[in-house]
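Just below sit the structures, each encoded as structure tokens.
What follows is a pair of complexes built around chain A, which joins chain B in one and chain C in the other.
Here is the complex of A and B:
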């Protein structure tokens, strides 16, 4: 990995070790706040619950004829839950990566972290993976609980394909995270910005409804977001029992987004980092 | 706190000054003002779109059976507008003293020669004023975008019920302020209470859905829901504004209950806050971060 300005020249193996060490450090820090751990584990269940209860109020049963017509499945419970699972990874990247360096700034450790003789991207990747690892763990717990309570109708045999499909989407999520980390590094105050983006994603992503119900203008914006394709693909594999060949049409734009967002993310982060270093505001609060 | 007229006027002045200061500070962050005025539409819209996906229009037969009205769009617009007050009580009033702690001004405020409650009520008052503005913007925008159909002639009664709810929420704000002053780290607690209220209260779905969804347990979940002032307030406001709405709680019962919980929460909040404040001062931990 090519070192960034100020970083030393480490080999790929050493950079991978840095990723592992940062991941471990983040997990240790995370586990030091058990109330937050409990919150992360259980709260998404309540969010799903309110969407599912709302669905029940609207149709009176766990099956919607209209959804079956629009999305080839009338089982809105499974439909919504798969949407929530994929979007929770998008949100975890959004919050995790944007908070990553801001958190170091709050703790006063950002400058020391930047002095480490390794690539900044190894540090960012370590943070992103730790956030994804905890999200995966909670998603697994939530799927188990939801399957027990609501009887989730998911084709578990397709789970390896779904995970493979998710791996195709992952680089684009990470690329978006790099860009956000860069923007937050310069603009500091991240919560209004990330709150706005989260709310926008909540509207544009097809989490609890198919894209066809969105007004055309919003639908076009939705097509610009990688998580849209990830949700649609995972849903096809896990609920509609599609084969890998049937979701190839969704994988192609995702590969394009992977290349675009990873390049854009690396460029934006490097540019913002240079700006901050030149202005001398790296440690500014 | 003295109860003669002159002292009361002075305390009122302290509350109004605090409210004015808080509003001024809020207006210094115009981006946040725009965010709070507009963003709730982004949170409401997915429910409207989900409704369209599941029933194919703005009316639902199942909703009619559960709530008397099949117009789920107006139902959710009213719900989300009132929910803004809960968020304000939790994240505004509940966090108000913690914010002073962050700013290093809590000790200065607590040695001011006026009652703590005047300061806290001033903060709550500013939150109510701002939230009413946000709720009005949200309701107007949502009505323009999605088309709310309400009985405008009953607006006065609906606003009266909202005012009663705001008073009850002041009590909850006081309780949370006390707890946060004591235990400091508020994020997880506030997020939990926020999500719990959103799930069990009839913000987006009629109260009877809880019985339909949870079966026998649903009755107890509904009872938990009624503990929060938002539930009787929503029942009353919808009965006033939503044509053909059939409330789970009769309007008179909802309003009497709302008046009772207002009294209970305010008394409980003031008592709890006094006890906690004494404890924190004795421990010398007022400014401990």
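Here is the complex of A and C:
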């Protein structure tokens, strides 16, 4: 009794247009909740400011000898902000997909959306891209403010390479997002799950400290996470002025993760969707 | 044979079965309970092309499950279903492209988008070309009487306006088949009437769409449908035109009595009268009043005796009327149960 999943009635061009219209709809809806927009703008600023001020209180200056020894840069403000930026994009892709489907279940629109003959992955991608677009805006604000108040030593000439490197990491984030969206579709209770995962990633990812300070067991887990390589690679390009050839060692595992997580994400989402359709609980909240 | 079925019928369901198993506990300790609910039990159903077909049954009878299986958002445990010649399990994308679905309730639209934005969004999901979508959205908004408020947020709409918009969304891509699940549920009578007229006259008669409509309002099914299927506890009990179904009762009139102080003893006495063929008790009790429908021959000749039994038993009679048999009478006769609502 297995159905052929995923619509399949639309061509690639139509699916791309579905991604676009979902992105547009998400942005319009987002802007219609101005309080959310305000909180979303302020929260990352508060997080990064508290980390930077904490660092200054511990070190007493913008430069840390200890960090320089561990991470090849003593500029902890720049070190932290690049970590925050990359992790913000990773989180926005992951949570953008899982939160958005749950939101549709709450609002009652998931069934009417899934009744359309387009691919579910186009809908998920539209949601992820909209989330990334808003994140870009807040990241730009973060960078501007931190540059203004604390000064930021970022090699802006390397920005295109850093973006290219991020694009290499993106498919793995999307694949993990597909998996999370599938799990949330079935298990519903996603807040506790996502909060726990956020805290776990906050510990394991080298956002505000270098990997070398993590206990070895945790470090191994960190190496299993694609955002770890994305943060390390982009930090290397944006702060340490590395060339593309110097971050290739980090890009290779990312490409492996891309293939693995995209395949796993598609399979997990399709399996979870089928479970939900069998249980008859697609629209349940 | 299959080709013949495809030509003549838009919807064909064969031995559809769906059993829900309850779950206990929360994530990650959720487990399946041994308690099950049989939502559909070997359901066979065929809806002809261009037909307005009603699925009539009480709440929980399995109507919504059947519509959701036909619209590919529930997978059956057994059986097959074809919609527009496409198998719901093997070609869900083609099925979705050829159907429009309206469900009861008002939450299937984005309340923080305008009516126009909602329609533009769904037009793209259904691959309606931009030019066609613009024209069709204008036409539909006008047809539904929503053009003056097309650029208002849906959250400001009344329930009836939202339901009209939901219908507009369902027919935006001009599907051949419409699955309407309780489309007038919770609407005030004037909105319900206008929606019924629109479904029957515009969508079915004028545009020739095949419509499968579920309802638990007998009047709705009686007025609108070419054929009606009764569904109860997951099983199809009878299928025919409303007129033929009503003729099944075998009599032209039904005696309807509203009484108080009714108990099982009085009912047994009434049922024991030699001319009484059957008796239905409605669940609509108000201020201790109960509606009893008596199926009997020669109502005029026997009415005094019936009144006498109720009076002697201490029941107060509030109203007495002789009516034509309704679909509800047929349902009561076939199942021994009443349609709620």
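Worth a mention:
By our rule, the second predicted complex is superposed on the first by the 279 of 285 C-alpha atoms of A that agree within 3 Å, B and C clash if a C-alpha of one lies under 4 Å from a C-alpha of the other, contacts with A are read in each partner's own complex, and residues count from 1 in each chain.
Here is the rule we go by: a contact is a pair of C-beta atoms (placed from the backbone, for glycine too) under 8 Å apart; a residue touches a chain by one contact, two chains touch by 3 or more.
For clarity, every value in this text was computed on a predicted model and none was experimentally measured.
When the two complexes are overlaid on their common chain A, residue A:112 makes contact with chain C while staying clear of chain B. In the superposition on chain A, A:59 contacts chain B only, with no contact to chain C. Once chain A of one complex is fitted onto chain A of the other, the partner contacts of A:51 are limited to chain B, with no touch recorded for chain C.
Touch criterion met: A:29 reaches chain C, while chain B stays clear of it.
Applying the stated contact rule after C-alpha superposition, one finds that A:280 touches chain C and leaves chain B untouched. Common to the chain B and chain C interfaces on chain A are residues 33. Here chain A touches chain C in the complex through residues 1-10, 14, 17-18, 20-21, 25, 28-29, 32-33, 107-109, 111-118, 187-189, 193, 274, 277-280, 282-283, going by the rule given at the top.
Interface residues of chain C facing chain A in the complex, by the touch rule stated above, are 18, 20, 23, 26-28, 30, 39, 65, 68, 71-78, 88-94, 96-97, 99, 101, 103, 105, 107-113, 117, 120-122, 124-127, 153, 169.
Of all residues in chain B, only 31-32, 35, 39, 42-43, 45-47, 49-56, 60-63, 65-66, 72, 185, 187-189, 191-192, 195-196, 198-199, 204-206, 209-210, 212-213 touch chain A in the complex they form.
Residues 33, 35-36, 38-39, 43, 46-47, 49-60, 64, 66-67, 69-71, 76, 192, 195-196, 199-200, 202-203, 207-210, 213-214 of chain A are the ones touching chain B in the complex.
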